[in-house]
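Here the structure comes first, spelled out in structure tokens, and everything after it is commentary.
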């Protein structure tokens, strides 16, 4: 069989300017950072991002000028930084287009797309400005098929006229990029720990690219099919990328990197410092090997390694 | 000046913990809510169940998480899945007793803004992270507890953007919006605890923190409200502080 | 902690006459048969059953006169018997009320109930008589809140008027009864193999009763929370019932019992023979211990035991 | 009379297998479809992927299942979950190339009845199992292959109940119903193979099984249709029969 393994750079090069894309993970865990860095090195422009609670993955892409429009619920690294610095500046300077939803409604939108239905009903959002306010204009929506023609639709249930729900429109993207613990050359994928919305993001994308800490034999993952939540037939390309989520965590593999996160967040508050960060860690290095060297190499990585049975690093110094 | 026996963060964590009853299902976000629920579990609510929106049910936390997507929330969890399972099977289905919320602005009806400052959200003067799961918790938990910094500009008559609906315009307006349950039960602030009158959802001051007066709280608030009748917040007990410092957050992640 | 363990007979006694109930499993696997037999011994009447593809679990309950109304997609044991004999006779003799759906639409209905929304949109059913024909009359529906006021509703998407979907109404039952491999006194549940619609059936019920092959320590199941798909807070009662699904299979524990299935299906084609079957195996024995003795005791059970790594019995003689 | 080289069931399994192309995603039900897809995998379609509605994707079957809920379908599966995942993420999302269907009645447009016989489904003269997943497969697979016993009463002008929609009333009626894809590509019967003209969805006889004539097939059919131009079904090759008997169904579960 041909196999689905692909080099990381080749996989990133599949994403053209203007592509619609969703990125796996949640705030501080399992973002495909190595893939993100490649997109920045490639100088991609005008990307359309769809997400629920991204973190520095989106923030660094936005700062690098790769992004035209986002639909999201949240953009921050939680306790590490309560708002993404580049996201905040991009909005305040009108350098980006965006639409606000909640986590549930965004995940419901991915789920509708994954399920092949045009919308999902939810009981959230009612009474909030997420319903009353729209950031994208009707003209922006109609001019661009990459965005739903309407933000949402409020309706009463045909089974009980006193029962109101909000229909949120399905998302379909050209690409979904996930970072997981284990995958195989056949596209079988193992996610350990929380799955976030990775499964739904994969299932509503035309092309699914999975970066994985380890490539294992297909039979190994097929021995426990209950733990492989993404049907392999939906996975197009698999890249082996150890430490591919750094500086974010990967359950059972390594913890988040408080030093690197602090350096990013402090740099990203300032335009020139952010540029220097990009130069030092992303565009000034050739590839993921160069990145891992730049952040401190094996000594730094060793300090983050997860300890069984925790799946994280219990002795990690987190307030640095 | 003598060193105070506890910090404001410690006081708020203790007050938040007291709002949780034993056996309740608690939807906890990052920061003070995590301190509150972990403290409650170790004192009066050993059977309360913690839900994290990123996908876990009934974690037995060994280390304080720094995000709801932290690998630490996996410790001892009964179920791990994704956001959709938590938001639908648990939250939307009505199984969450208490949700915690916070934000940049809170108004007299407990509506919260965590989106942006300015009259036009398309041209904000300050942009925040956005809702995350806050709007969903505000809509779908049986009740919510709001954690807020008490400053006049943060407690305006009306928030600039209703990210998380509270009692909306008071009275029956929340039900009329189509929301099927919930609403804020209290706002734990840096100055006291705000609650809402059952009949019309008007805010009133239930307690003011030690060292303050009802008048001082009123002056730090951007809307007129009833502050008379408030009592002093019972200060943290030594045992509460010990557990908070030694068991819940020995790394001083949030207790700084 | 009090713990959720309960005796099987006590658990079955919780279900009153006229209750709405859904039963876990799929055709030939993981039906809570021991629980079903108890309901028959208790002489329950007027039950309302909701299911997708039940098998002999429903068939024997219907034959015993316990059931008033069913909503379903399929009632048979697949290759063991292409139609449930008692189900067929009950319909042909107008002894039962029913409504027909498809597997997907029934599972979507359970899912809507589990999610807390009033309906789920699906793209199935269009063009079929499952849309045009209704077996229950509007009078029957309106007179009884246990049934949805309408079978379904066809609508065009508010996001694209050329896009048609069918809204199927949520199901909420008073009880869901599942049979699983492992459970704990805290209500943590491990399902091995296919989950069918057990998770959704549990989450849309007021009271969830789980019968399990084994009761294990809670910490054992909490070591792999990814494999416990039902939030334990939704589980009310747990019963230890080894061989609780016999004559149906339980992945990793035992295979289906071709001899017993043949005896049931042949008996159930005839009123008197069915009565004798019931007497011999269900009402004529006191409990599950008596049942297991009646079907052949440990010799028979031993012959069905699953073999690793298959999870079933590779050498089972299946055409008997 | 000489013993025939193969049984009708064997012939049909071979004909069904030939309908599957390599690499296709096949939604297989119990019985002949399982024989067909397992045979295809072992001959010309090693990369075809089997989906079972009870919750598995890409099983590597070691033993023939007797139901789609059989523990045997777990063998070598890439993913195991539940019906909802299969019906939505795989089937409704448009990832199934071929679905197999069968039923008690099939009409000239490939509509199938597996519900009941009689004009009023509330008072049927004969009741069957019901749709199961058949309606869903008929609506949502990219194409379907129908397996049927060829008798006049089973091939009426109109089926008593459309459990599984085929081309409905022909022409563009299927699309007009709101269905977004699919429709039957062939009906493999005990007498031959029926196909549908692309322009108007009218049935025609594509092939008749060895030993029969087009006229014999026409006489066993309850509607008028084009049978001229049909060719004889190529008989099973020795290798096909050997694999079917020795590898696919050595227990004689369905080959009886």
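As written, the chains take the letters A, B, C and D, and residue 1 is the first residue of each chain.
Following the convention adopted for this analysis, a residue touches a chain if its C-beta (ideal position, glycine included) is under 8 Å from a C-beta of that chain, and two chains touch if they have at least 3 such contacts.
The shown structure was predicted, so the numbers you read here are calculated from the model rather than taken from an experiment.
Looking at the partners of chain A and chain B together, the chains they share are C. Set against the Cα centre of chain B, the chain with the most distant centre is D. Averaging C-alpha coordinates per chain places the centre of chain B 57 Å away from that of chain D. If each chain is reduced to the centroid of its CA atoms, chain B and chain C end up 41 Å from each other.
Contact of a single residue of chain B with at least two other chains is seen at positions 56, 74, 80-81, 92, 140.
Multi-chain contact residues of chain A, defined as those touching 2 or more other chains: 116-117, 122-123, 165, 193, 195, 199, 226. If you draw each protein chain as a dot and join the dots that touch, the picture is not a line, a loop, a star, or fully joined; it has some other shape. Touching chain pairs in this entry, ordered by label, are A-B, A-C, A-D, B-C, C-D. Chain B meets chain C in the complex at residues 25, 47, 49, 56-58, 60, 74, 76-81, 85, 88-90, 92-95, 140. The touching residues of chain B, counted against chain A in their complex, run 30-31, 52-56, 62-63, 66-75, 80-84, 87, 91-92, 115-116, 121-136, 138-140, 161-165, 168, 173-174, 177-180, 251-254, 256.
On the side of chain C, the complex with chain D involves touching residues 25-30, 52-53, 72-80, 82-84, 87-88, 91-92, 94, 100-105, 107-108, 111, 122-130, 132-133, 135, 154, 164-165, 193-200, 249-252, 255-256, 306, 310-312, 314, 318-319. If you check the complex, the residues on chain C that touch chain A are 116-123, 148-150, 153, 155, 157-160, 163, 165, 167, 169-170, 191-193, 195, 223, 226-227, 309.
Chain contact summary for the complex, chain C toward chain B: residues 1, 114-117, 186, 188, 199, 203, 218-219, 221-222, 225-226, 228-234.
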